[in-house]
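These notes open a run of structures that come right after.
Two complexes follow with subunit A in common, the first pairing it with subunit B and the second with subunit C.
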Partner chain A sequence: MSGALKPILIAAGLVVLLMIAGEMVSPGFASPEQILRLSIVAALLGIVAAGQNLVILGGREGIDLSVGGVISLAALVAGNVMSGSDAGLFPAILACIAVGSLIGLLNGLGVTLLRIPPLVMTLGMLGVVQGLLVVARNGIPSGRAAPMLSDFVSQPQWLGLPGILWLWLLIGLAMAGLLNRTVFGQRIFSIGANEGAARLAGVPTRVTRTLLYVLSGVFSAIAGLCILGYSGSSFANVGGQYMLASIIAVVLGGTPLSGGRGGYTGTMIGALLLVVLQGLLTTLSIDESGRQIIFGSALIVLLLFYGRSSGLRG
Partner chain B sequence: MTDMHKAYGATKALTSGRIELFPGELHVIMGANGSGKSTLCKILAGSVKPDGGTITLDGRPVDIPDPKAARELGVSIFYQELSLSKNRTVAENILARDLPTRAGLVDRKAVMAQAAQVFAPFRDVASDGFSMAARVGDLRPDQRQLVEIAKTFAGNADIFIFDEPTSALDRAQTEAFFKELDRRKAAGAVIVFISHRMEEVFEIGDRVTVIRDGETVSSAPLAETTRDRIVAEMVGGDSGASVFADPPEAPAPGKVRLELRGVSSRRLRDVSLSLHAGEVLGLGGLHGQGQSDLLRALFGLEQTTGEVMLDGAPIALPSPRRAIRGGFGYISGDRQTDGAISGRSIFENVVPIHLFKSRQHILRRGTLTAEVDRVLQILATRHGGTGLPISSLSGGNQQKVIISRWLMDETQVLLLDDPTKGIDLKTKLELFALIRSLADKGLAILLYTSEDAELLANSDRILVFNNGRIVRELAGDDRTRLMLTSAAFEAA
Partner chain C sequence: MTHRSLLRTMPPYLPVLIILICMFALNGLAEPNSLSAYAIKGLVSTYLALMFLAVGQTIVIFAADIDLSVGAILGLVNVTVVSLMQALGDTPGAILLSMLLAVGVGAACGALNGVLVVILRLQAIVATFATSVLFLGLALWVMPVAGTPAPRLFWRTFGGRIMGIPFAYFVLAALLVLIFLLARSRFIQRLLTVGDDQLAAFQTGLPVTSIRVRGYIMCGVFAAFAGLCITGDTASGDPNVGGLITLNSVAAAVLGGAALSGGVGTLFGSVLGALVIGLVGSLVFFLGTPSEWQNLVQGLTVLAALMVGILFSGRARA
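Presenting the complex of A and B:
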């Protein structure tokens, strides 16, 4: 148990350290309003990372590079279905979950039935979705969030916290329950640890793996909906920055890229850590390109560092 | 080669291997399972490094540290496990060790021409769909084996080693191969031959060296020996000397649980058998003659034709899940690939079969843990808690955990695929005691083990396999090492 807990504690410690450092560099960095704002951004990333986490846990080089595309597409679809009215919110939710599960299903079938490596399959899917976005949008931002959705994401609601934080917490509980208290969760770990042996032990390996990609699509779509609420309207490639970030959050949280062990609680802390780091870099006026460089390097360093000690790369 | 020896850890594969090879002869090496005949050949081919001993070639001592050095000395080996690249053409595969080049690039025309020349003796027997430009992956098994043989002959070698080269070949193909062997012999080559067919050995062999328990026990011209003498030498005098008891008394047979009629697959040929409730049916013969393939086929891992009947009703076995639902259980000796869900806990390694059979969705850890403890106790599995990773256990205890999977719910037919591989002796005895007690409770058990002594000591009947077929059934007093070894070399 201590082995699984260690990365989580390290990440949590780093979050606190970064907050203190931020407060010292720029007073107000750790103010309650700022913490709330960072938490909302972390929730958005955390929801995407939930799906990424499942796919990575399932092993066999599981990874979902199409999350950014799904987020953008879901935001576009939802924005146009609701087009600024609360009445359209429910159909919009259904529409974007449908979009997410369809893309996830295609990813899953490609990986399991056609045996396309996940990296190639989901990267290809990302290309397809991005192409669709260009065609659908024609370069013009379109669709507007319903007021109810915007409030849900950014206005304090229950106990002073916005709905999205409650949603994130709920997802956290659901993921923990799924992974530790259901047979499905058991199957995810077993196919991640040794797919061949799992198959001989009666685990429906293909169905399980396909479902992981479907769930990843659904989580990305939900995140896309919330991001629409956060920004008010859907702009081009809104999901682009989430691909790398979601993978880093999972790895930071102690789930190795080789799969088979780990969990979502760590990933949540990982998402927080990443967002706080991003906030700090912004405060230090390092621009987006600089942040991407730092994130990319961070992932490589992390893999190197964890890989030596605990076989993070498998 | 004199006084060759080789140990793998504590296992002495070869203690005193000796063989003399003369130009222009076909030298057969005979030995029972695990005698060390393959190890001796691999040392000569450079793919296994000996721990000691001397190799003399044309009066000079030589050192063969790797396969490349062996080839430079003129040694070429045929690999039983095919060494071909499926995505390359026949011609490229035949010449793979030394592709002709022009200006640093592969000379395709020369490749085709040279390969065709090497393959010429087999051209007439390769039959339809075969050409030098065909992709090896598209060929039938017999055609692939011919390509493998041609690959062995390519180049300038004068010592050829063949380990079971004719398993996939039909009669005409085998004859073409033998003719080519004669031609090479006449040209002064040495041919080392390992075979699983006694009649084949007497048909083509000049001399025979018999190896037993890692030691060369005899070497003689085939004209001066007999089939019975070779078998006796392979078995040795101390056939009863083993830690295992004598064969069990056959119990009163229960009703027929499993019946196979004419089951064939990629590796199996027309296998028919019946297995009774309460019976341990052993699968014997030399290694890799279809025993594992039969067990894997019954567990839904290989496609088959023919009929499988469970308790009198036909059953289809397209996948492990269907086999498990039907009441089959499968335990492999390859724990790392087929058994252990590595990195996960002991608990998680015991429960999957139960979870699948009971169609549960919620994991009730409390109730399950009690059950897991119960089945682990049946085998006296030593562990420090079911939450610890399975990798924290010794090999024997890991195997106990994997076996425990099948004890949580009822299993009708247990398929044991070399279940005691790499396990200490004490645990082995415990496992066989469990297997017997399961049989006494009415389970039907198919047992394959790579050690003949284990097979003889624990089987009620033994079916002897040769090249995918059942060639003999041994029951009652026929279950001796002598009979088993003799039958292993019998053709169907």
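Presenting the complex of A and C:
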């Protein structure tokens, strides 16, 4: 476990360092309200990254590029189903999960039955979902979040923390339990490490892998719902920025893209690290180009800490 | 087993060629004017950038690498060349010098990707995404706001004709000659060997590291060529011009028969793949699809084309 713990500790240390640096550069950066705000943004990213994490753990070049599209579509569907009323919240949640699992199922079937490389399948799916968004936007209004949902995401509820942070914590515990304590979790690691061996050992590899994509769709849809609650109404391509950010969060958390190794606890810290870094750059008074240059360079430096593959000399 | 042997002996770009011919036929059926000389020229000059980008992407995919920063390189080259031409003047000499320097910028971006992915061994997808953020920042630094025009001489030449033949066709011919020569070069053969089995290539004494780095540099150079084409087509500088085109370059390479796992594919197939993506767009338009449905139909068609291409190329391994 010590090997798996190292990247998590590095990332956690960096989060603390960045908070201290932020507090020194602009006092108030590490204030409780600001920490709460950054945590909410990190939770949104972290929920998307949970699905991304599962797909990547399953190996065979597993990756889900359609998460951004699913988020936008789920936010649009949910906003219209609830249209600003608490009564519509439950049907909206169901609709969201249906949308996410359907897209995830199609991704999974394309990858397992048609043996299309995940990058290509989910990329093609992203194009389809973006097209669907344009159609939907023309036919139906953009929708509004129910007050209950907005409160869940941004108002302190239990013990001073908003519901979304409790949800994220719950997802974190559920993911840890799923990956370490269940047969399904063992199957994920086994198909990620060596699919052929897993199949010979009797693991239903196709079903398992398809389920990973379904779960990724569902997590993205839940994130889309929460993002709707965070912003109040759904706007065009609200999920676009989450596609590569979710992958980076997974890698920063110590799960290599090759799969079969890693876990979700690190990914949570990775999401936090990414959000704190972005938050710090936003508070600095530099223009957009400087921010992008620093963010890109910082990502490169962060990736140098870990996420490196082994050399040919072994 | 004749079916199998047929699959093995056919050129790897055959599926995409068939799809391309179907696309042309469907375009002709939907709107005969879409096959007019004027429409074809428009298609070629619009999609030249994607063709160059797809070839660059294919070069790194040959070695089982990937470059998600090609769109950002294209954008950086676009604003660099427009700014340089504005600074150096619009004489032919100054324009050529600006273009040369811009290609150098592309090569430098590719070299950075190569160093990070190959020498420092970062994972290609995340590393080139990080550099794409960096390149976008640099592009915004060079030109904070879109809209600086390119010199008249530059875009008039690109959009014009020489001896009655559209200039875009000369660029296309140059691209085809270039990939014809490249496909026979030792460089591409070695990239394919590395992509097929990196460890075996290393053990037989191939300089794997240098081959892969040079692949990334070459990809940067082709992205720069694509940036020059975009500049000629749009006649202005825009730091965000490279938005969706990166993902299209990957799709074009896969459509063209390149395997993301490396070692398989042709540069020519990727050029055809880029044309298919262009033709899908024009087909959707000419079919009279209501505008809000166009993106969906296009997305579905590209996805279907990708599936058909992968299934029929008979090497649907992932």
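Observations on the model:
Methods note: the second predicted complex is superposed on the first by the 281 of 314 C-alpha atoms of A that agree within 3 Å, B and C clash if a C-alpha of one lies under 4 Å from a C-alpha of the other, contacts with A are read in each partner's own complex, and residues count from 1 in each chain.
Here is the rule we go by: contacts are C-beta pairs under 8 Å (C-beta built on N, C-alpha and C of every residue); 3 or more make two chains touch, one makes a residue touch a chain.
These figures come from a predicted structure and were not determined experimentally.
In the superposition on chain A, A:Gly260 makes contact with subunit B only, while subunit C stays out of contact range. In the superposition on chain A, A:Ser190 makes contact with subunit B only, while subunit C stays out of contact range. Shared-chain residue A:Ile286: touches no atom of subunit B or subunit C. Once chain A of one complex is fitted onto chain A of the other, the partner contacts of A:Ile35 are absent, as it touches neither subunit B nor subunit C. In the superposition on chain A, A:Leu178 makes contact with neither subunit B nor subunit C.
In the superposition on chain A, A:Val203 makes contact with subunit B only, not with subunit C. A count of residues in subunit A touched by subunit B and by subunit C gives the higher number to C. When the shared chain is aligned, no partner comes close enough to touch A:Leu102: not subunit B, not subunit C. Common to the subunit B and subunit C contact sets on subunit A is no residue at all.
By the touch criterion given at the top, residues 299, 301, 320-321, 324, 330, 332, 337-344, 348, 351-353, 355-357, 360-363, 365, 387, 405 of subunit B touch subunit A in their complex. Contact residues of subunit A toward subunit C in the complex are 60-61, 63, 65, 110-111, 114-121, 123-132, 134-135, 137-139, 244, 247-248, 251, 256-257, 287-297, 299-300, 303-304, 307-312. For subunit C in complex with subunit A, the touching residues are 66, 68, 116, 120-123, 125-127, 129-141, 144, 198-199, 202, 208, 247, 250-251, 254, 259-261, 292-300, 302-303, 306-307, 310-311, 316-318.
Only residues 1, 180-187, 189-190, 193-194, 196-204, 260-261 of subunit A touch subunit B when the two sit together in their complex.
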